[in-house]
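Attaching a single structure in structure tokens format; questions to follow.
Chain naming follows the written order as A, B and C, and within any one chain the residues start at number 1.
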Amino acid sequence: MIERLVTPVAIVGGGIVGASAALALRRMGLAVVLLERDFCGSRSSGVNYGGVRRQGRPMAQLPLAERAHRIWARLPELIGIDGEYVRSGHLKLARSEEDLASLEAYRERAREHGLDLEIVAGHAFRARYPWLGQRALAGSLSPEDGHANPRLVSPAFARAAARLGADVREQTRVDEVAHDGRDFVLRCGDRLEVRARFLLNCAGAWAGAIAERFGEPVPMTSGHPNMAVTEPLPLFMDVNIGVEGGGIYGRQVARGNCVIGGGQGYGLDAERARPAREAIFALLVQAAELFPELRHAHVIRSWSGTEGYLPDRDPVIGFSTTTPGLVHAFGFAGAGFQIGPAVGEVLAELVRDGATPTPIAAFSITRFTGAERAAQPAAAAPR
Amino acid sequence: MPILTRLAEHDRRPLRFMLDGRPCIGREGDTVLTAVLTEAERLRLSEFSGAPRAGFCLMGACQDCWIATETGECLRACTTFLAEGMRLLTDPGAAP
Amino acid sequence: MTASIRPVVVGAGPAGVRAAQTLVAAGLRPVVVDEAPAWGGQIYRQQPPGFTRPKRALYGFEVTRAKAVHAAMAAIRDRVDYRPHTLVWNAEGERLDLLSDGRAATLTYTHLILATGATDRVLPFPGWTTPGVYTLGGAQVALKFQGCGIGRRVAFLGTGPLLYLVAYQYARAGAAVAAVLDTAPFTAKLQAAPGMLRLPAVFAKGLWYLAWLKARGIPVRSGVRPLQVEGEARATGLLWREGTRERRVACDAVAFGYGLRSETQLADLLGCRFAFDALDRAYLPVRDAAGRTSVPHVYVAGDGAGVMGADAAERAGERAALALLQDIGTAVDGARALHLERELGRIQGFRRALERAFPVPADWAANVPDDLVICRCEEVRAGELRAATREAGAREMNRLKALTRVGMGRCQGRMCGTAAAEILAQACDTAPEAVGRLRGQPPVKPLPVALARHVEPEEVGR
């Protein structure tokens, strides 16, 4: 016997974006059904590196990132746990004069968006970060950025949404999506049919299929960031570390484990990913060089995930141009964890108001489909 | 009182090593675990609770028997043979 | 045609040695990778050079088999590429990642026989992380490999054949055995006796150990429930319940275990299909009677493919090697292959009876107190596992791991995986099968950050 649900809003994907949207919608008093094929926050949202940073993002993302920054400050109030979130600061390292010039240029541009960064160089740099290897010459510090535990944070958004009344269905794969001229009709095998006026496409690396289904193919590719964690070590790394130009990132959690990432793993199949041996080796070499404290440490686990990347590395966020009521939010290019909660709020506003005060024009799907403008939103959702 | 007790194979060449700054004597063919636990009650302290640990499976599976050296390395005590002159620490965090 | 065949055997216990021997007999030159410094596996582990006890003293009734396995490997030593003291820390594609003395290397294969063995199945009880508490297998290794006892006065606890064997070995070696405490009721053994008579010699050995221990006045109890290891800096005593009575024995060490669990990480990393095995109460690689897994050219043999003991391992190793030979088109003795499969079937029947005689305590999970540490690496307590189920809806092992860190530590769930699955299943009022299994992650064991990279000559030309 098939279960039939009718709801104003259906969300496909229980990652941090979809779950945040569900939570924001419930806080507005809107009914919502969230469909997650695995467990909420068990894919990229739950296995990412855990960086919570604004620094380094393209300018267009900074308004969203600022909005997210304010949400992260209220995490326990919103989701009931602190998620090991700490504002440790985020230090982006320069390994050459060119890197430093690039960091300085970024600082100037970011300042216009209200993000204050501090360039630390010379003796001050060595004195402040004596545990960094000699290859790091200087850094750009974003004092209020930090890191959190994605394993805990992302599922907690879904639980918080469920506590506020969201109908969260885990291990529920959406097999068919259609629009009957009025509503979206989602079928999950022969178990469940959901009809909804709005559909939020938050399906991460698998969101391209839904966009394509509604005539909006995007050139999304899958990436598999490579990550590893050491055994617990005495605390030394008091800031979340990135590197200009990429290649490696690292943070130390309160229990002492150092989480390091860099390079790409590989997709085991359509759904699962593994770290790649060459990437692990490259990561270890860089980690030992950048963090000499790790020279006697052991890696105890490594992992990867599957994340969607668009060619310009910006996400798609906003209304579909083909189908009223369809809202996309995907393609976060391995950097969706920090902005996810803000994207969720934006999606909720798009559903409720048809617009959001946060600038998202840069993330329109039209930059890939060539369509001129976003479709009109569906009629405002019933309260 | 030490954890392990030697029941056989007493006649092996003695090997000197240092444990927490104290000179000790093991035997050639001892694992680090054997050498330490015939002298002491622990290999390390848990990073989280601080409780003493002295290994568990003795076959390289449980990873409970890692012990620090004075130079900051970590040895899996049950699968590493004792070598003359090793300098081992059961609590590397303790003041020297 | 065999020139292009590059077989690798992982593990040099009874299964790995017999597999390698069979491949050598067919003209192949296998690589044998083993973590131990010498062949023999855990059961026939050899003592280090310079130790002088005769094999009879080390292996007891199994001395003939131990000698045979040792001799088999010694005889083919020059015809295999033997890599002792070498960990396979990752398997990906048709390559194995090796680690030996801090040096990394990669090994390619065309055919792979995994004979990775087993470790003790651990069901924690209060005080189990106290110094002086070891697994039964660990207690045996201390004696066999190092000539040491885990204490002066040792209590043995749990269930399974190893319980009586190790207690006997300790007593023989001159240690005081404080007590032998079997969690299985004596009636279970009576009911299992007919099945165990399938292997009368093995059954008789078990009875003999029991009689020997009792004859020396060593307390041997059945149907016990462990309560607590006393002591903080080290074990000083053991408390247990027998019926309605609490009992105590003074001891300075405790060895415990509940049978064995297979080491299956490499099969998992290679993508072999797993299925729940009711007898082992664990997920195991799916295999045919010859040891073929669901992944072509990957075979499993011995206790790493499901616990059946050393005699079965020898046969399974040989059978898997014959399967490999069959698969590359080499003519093999079909009658021999069939004979091996029949023997394995017979041992499997005995093993079923053993499980009845030494059942894992059915009410273990229900009786675990909330403050008991289940994961000794990360010090995750039973109450945290139950809370994750109750409050965060965890009903699957990997979810439980993500939410609580159970199985996330250095040992990757080897020690806590069984226990965590039992607790999760109990908390969800379901069977262990329904909660799944922890996914394997490389490295299989800790990997030094500062490892030296060794490039194989074969790789240079690539």
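Here is the rule we use: a contact is a pair of C-beta atoms (placed from the backbone, for glycine too) under 8 Å apart; a residue touches a chain by one contact, two chains touch by 3 or more.
Composition by chain, UniProt nomenclature: A, C = FAD-dependent oxidoreductase; B = (2Fe-2S)-binding protein.
Quick caveat: nothing in here was measured; it's all calculated off a predicted structure.
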Self-check item: Contact-richer chain pair (by C-beta pairs counted) among B-C and A-B
Solution: B-C
Quiz item: Where the centre means the average of the CA atoms, what chain is farthest from subunit B?
Solution: A
Quiz prompt | Most central chain, judged by mean C-alpha position against the global CA mean | solution = C
Quiz item: CA centre of subunit A versus CA centre of subunit C: separation in Å?
Solution: 41
Quiz item: Which integer distance in Å separates the CA centroid of subunit B from that of subunit C?
Solution: 24
Quiz item: Between subunit A and subunit B, what is the separation of their C-alpha centroids in Å?
Solution: 45
Quiz item: Which subunit B residues sit where two or more other chains touch them?
Solution: 48, 66
Quiz item: Which parts of subunit A, given as residue numbers and ranges, touch two or more other chains?
Solution: 231, 295-298
Self-check item: Contacts with 2+ other chains: residues of subunit C
Solution: 409-410, 446
Self-check item: Residues on subunit C engaged by subunit B in the complex (per definition of touch)
Solution: 35, 37, 42, 47-53, 57, 119-120, 129, 131-135, 137-139, 141-143, 145-152, 173-175, 232-234, 252-253, 263, 376-379, 409-411, 414-415, 445-446
Quiz item: What does subunit B use to touch subunit C in their complex?
Solution: 1, 3-13, 28-31, 34, 38, 41-42, 46, 48-49, 51-64, 66, 76, 78-79, 81
Practice problem: Enumerate the contact residues on subunit A facing subunit B in the complex. | Solution: 231-232, 234, 255-256, 295-298
Quiz prompt | subunit C partner contacts - residues on subunit A that touch it in the complex | solution = 39, 42, 46, 151-152, 155-156, 159, 170, 230-231, 268, 274-277, 280-281, 284, 287-288, 294-303
Quiz item: In the complex of these two chains, what residues of subunit B are touching subunit A?
Solution: 47-48, 66, 71-74, 93
